[in-house]
């Protein structure tokens, strides 16, 4: 099927964050929250790197899967898959923002999966990009940033090959059966940010790759349009909210 | 003030759980989810204990506080406060259920704080008790349990002394300034489950304790009434939902 | 039974500590030691909190139980019960001392259980309070503190309900069978420091709580009297000991 | 530049392994070793999966970089990058072998970087594929496997865009300056196994991707030819070596 | 000086252990306890090794040193020095006992330093050897072991070179200044169990080694005599104690 | 047998290290590498110790043994044996160098076992001593050190008693069957650095010790001669290599 699952964004799900979004792709639901820390990682100070940083963390809530998923802290370490996903989210969003323009701050992007049904990493990137845009707009509106450091929107979607057909935005069952699994991260101007295709212990041809890229690109156009609409709507915070933010944001100074 | 903050329960927030509730006490919001594992902890097998077990885990999502809270896995260990709270939640809910009647299963109770503004442990217990009741009712309706193992409802609330006045259901700012902090867990029949009062590095008198107990008891009556109403409403799942549950629950066998 | 088990204090068990006590409640024996560090925790410096800090650590020696207890380091983490107990000991003793008067120092309170037969947490608090008083008196005598920061003595005891009877200072077998288990921490002036009552997966009534509180209060009066006697006796160190202490205590400066 | 760096394979570097190769891509050197364990991972037993498994581990030796790299065990955890690379190596090699034909065994693939100068993950996959083929051939020659489970050879190379030019097999300095970085894993029949392209916090166009894919494919043809030659040569172990292997391999039974 | 510091043994310090000794060498005090577990380590089962095992753990209590020593669990790992010492204690005591004669049991030897003033590892071995003998005698007396598995007594002492003189049983200050530090473990029949001499980043001659060996041997003769006396005395437990032991020891069966 | 196994040194195995050696004792092969860090450990700063430090790390590569050895990071901690060996290597090499003459630097000595067949710790010390001498000579030649801090060469060998015979440089099978196992570390002038003899759960006599010492001393004379030859040969780096080193070494300043 060449159709996206129903996609929606509910903003403000976690009011203590600078911005937050509950993003839904079909039955997949992810809480994406952006918070600001008035400090930079130690390595930036040691290496005297100017500007700020953006870092992402990803986790599946224990009740997001049909069989309860053990917490990372109980297992004693972050599993390899989660580590890989949060690195991908971080790289993708750093492509969206000019870190030289945010000052000596760290933008934290947290993605917690509330319900998992395939595509949690692409939903995370898509939702986090919206939360990031809203957060940045708030900071500009509150006078905390002179100009917006946002360079572009990023959005992500999965594509795959199932029984010889290219398939868009796979749910868990489709993903499990797919012969090839590809994750595409692109900008709203059609540039690539990340391409990760894997035969998952099998192989695929150049022709299959091209068909998947084509289908993915089409889906990402639609998603970017949805993102823009949500951001525009959220972009009208009332005066009271701005004052609160302004008060909070100044504390760390 | 002798008034509870506005309390609400939104059921079904995490659809892959057997039952889930987003509980709200004022600005405090906690996701409470109940999932069933068709196995018991190793110590029960070693010691040949009959019946099942109930265990609770508690965590604050990183964006639940104004200053982002580092994840447990990043800190490398569960902090002492969280460990203490999840032990309290577990003990309180085990008082609500007859573990001998649930078979060789583990009931997992997960409480994740989405927004923290005081009283997260009492909101967790109160919400988890509702989720537990709904889950148990579903299992009985689906024919998975012959009779309900639920012995009673438990609910919890905080009380404190602030500037000489007894105060009910403290928010963060009140809690921080209170001279005494007490957490009460009681049944819907007015029995005590847990009483934890602490001068928080100061002291309190028997008279103060009595006033706090009195105020807490009154609040818990109101809370139990709210719980009963939500459970009754949730207690009418449609036939389709029961079939899904039945199919899932049988898998582990 | 409304009687305490035989209680004794042997001071000086660990001579390298500033003060140490081997406290005995029946067959329960705990080493309580107080040491001084000429530094404060990192969070106090970051938050610019004045004065000093007191922190407690609790552990059961592997041979304190009939079945050998695995060391925390072998298990890889502090178990939840120990973490909870050491937090309780710390809170209770911080209620005894004016941290603003000890300078930029950390008072370490270590409690290691040599023999466990119920009530290790209450014996720990009671013994540590004695060790703390002796340590503080030594520091004043040695001229290291201008005045005593000790505000009051704290003592602790367990009470419970067993077969309908209120029971004082429970040993392991009684504790295991008790329907309710309560730990009381009070000052020598009859104020409450901590009250922790738990139905241990069952429930209890207000009347039962009152009977337990009454019995506990009576026991704590006796204990405070014993503590005062031991401290008074220990309070006459010879001149040589004071000189050693003085030399040691000045090193960190 | 569209040229590979000089590539070589030195077999037998770690004689206790079933097969081992020191692979060299320019100044990058990686020890790749294959060992066989006569057991399968726990999850295969629990889920009753037939056949065997292949798992990979990757590490940089501390003296492989100009600034000494701290060991994982000193840092206390595997860093995210290493975890991601070893997952990639494992997935790539599982595409090369029919796990249903190796019996209830685990094939361990270890890649330890002796000198790092860019492309350590692609060198690892390329070298490990050679070691795997040699190991499997030995097992067949020794009569331990009825037929070869090897489905294909896999090889890997990096490509990138530097100052507008597509570049093959990047060394560290080129990689650091490249605008786009892509890792290609393909079979010796020109099928894709993995494609991972990243703008590394920037973006790239479809045209750039096509040029990189083209260049990479050409390089991988050459690499596959080199692999085949080394395997053919190594494929003539003398009788004594086979006897040793046979004796060892039977031990676990 | 060629004299031992005053040495004493106080038995029964930890009554829940099978046997326990507080050993004193001058100002060094170590609690040595022996407990029995009715099981063997996993590796013995996997490798089908007959008989039992003996394992030792060593730790310094935080208040055993003048500057408080951080607990292992707080540091997150056992430090290298402690790990080395507990391996030495284990090896030394395994030389004392015939593991084939103790059945499928594990003998746990725990050494916790109460006061540290040099020679904690040699005091630990010496005290543990006494506790082991007493424990084994009790088990034989209680009919739990058909015959004594004890092959010999082991004892240990430190020797060193300080300003050109050989020195016996060094205290902390002497140890710190010594040019050479040697630990000798021998049997009561004059055989060597372990010899560990270290120039501690300097060197020593064969002549110095011979003088240290001579002095150590003399000291160990004296120590063995003291051990024998304590064991003989402890070897007359009253009937009640034996019955308790018998009851406990049979539980695991 | 009183013969050493064939010993060889291959220098430059890890070109990014300041100096590296692949040392071979019979079938035992260890990579020894020396790298320089322009910083000292935290404890030296805290305690204001002048000069530099030398620290060693030891690890067995997973394919160095016939049965694959699990990596330390997978086990979650350094095993006791490895910890003990790396402490021994560090102490031995610190006896070789005047740390007051190397400036505020840390010399890292890494020993990774490529093939294990007995005597990995003695091969490590012997190889590391060669790598250290070469590294130090390079630094002097490059003008980074005014004079050589090397005080002496150290070398190490194992000796043992097997069926009543003293045996030099034991391979794995001999070591496993030996009644006594001794490791000798000496200087090239015949002084002792470390002597570690263990009956490995048995005992040995003074006469046996003397025969082992005698045999070990003879072997170490031969080894020292081989070390001197390799160092002399390596000591003629061409001008280009020195320039590279000079450039690198200055970076950290």
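By written order: A, B, C, D, E and F. Residues from 1 in each chain.
In this section, contacts are C-beta pairs under 8 Å (C-beta built on N, C-alpha and C of every residue); 3 or more make two chains touch, one makes a residue touch a chain.
All values reported here derive from a predicted model rather than from experimental measurement.
Asker: Kindly list the shared contact partners of chain A and chain F, in label order.
Answerer: D
Asker: Rotating chain B so that its CA atoms sit on those of chain E: what angle is that, to a multiple of 5 degrees?
Answerer: 120
Asker: If more than half of the interface residue numbers appear on both sides, call it same; otherwise different. Which is it for chain A and chain B?
Answerer: same
Asker: Most remote chain relative to chain D, going by C-alpha centroids?
Answerer: Of all chains, C has its centre farthest from that of chain D.
Asker: Which whole number of Å gives the spacing of the CA centres of chain D and chain E?
Answerer: 50
Asker: I'd like to verify one number: the distance from the centre of chain C to the centre of chain E, where each centre is the average of its C-alpha atoms, in whole angstrom.
Answerer: Centre-to-centre distance between chain C and chain E: 31 Å.
Asker: Rounded to a whole Å, what is the gap between the Cα centroids of chain C and chain D?
Answerer: Using C-alpha averages as centres, the distance is 59 Å.
Asker: Of all residues in chain C, which are in touch with two or more distinct other chains?
Answerer: In chain C, 76-77 touch at least two other chains.
Asker: Please list every chain around the ring, with chain C first and chain E second.
Answerer: Sequence of chains in the ring starting at chain C, next chain E: C, E, F, D, A, B.
Asker: If we count contacts the way the header does, which residues on chain D are in touch with chain A in the complex?
Answerer: Within the complex, chain D contacts chain A at residues 77, 80-81, 83-84, 86-87, 91, 94-95, 152, 182, 187, 191-206, 209, 213.
Asker: So in the complex, which bits of chain E are touching chain C?
Answerer: These residues of chain E touch chain C: 13-17, 20, 27, 31, 33, 35, 37, 57, 59, 61-68, 71-74, 77-78, 108, 110, 112, 114-116, 248.
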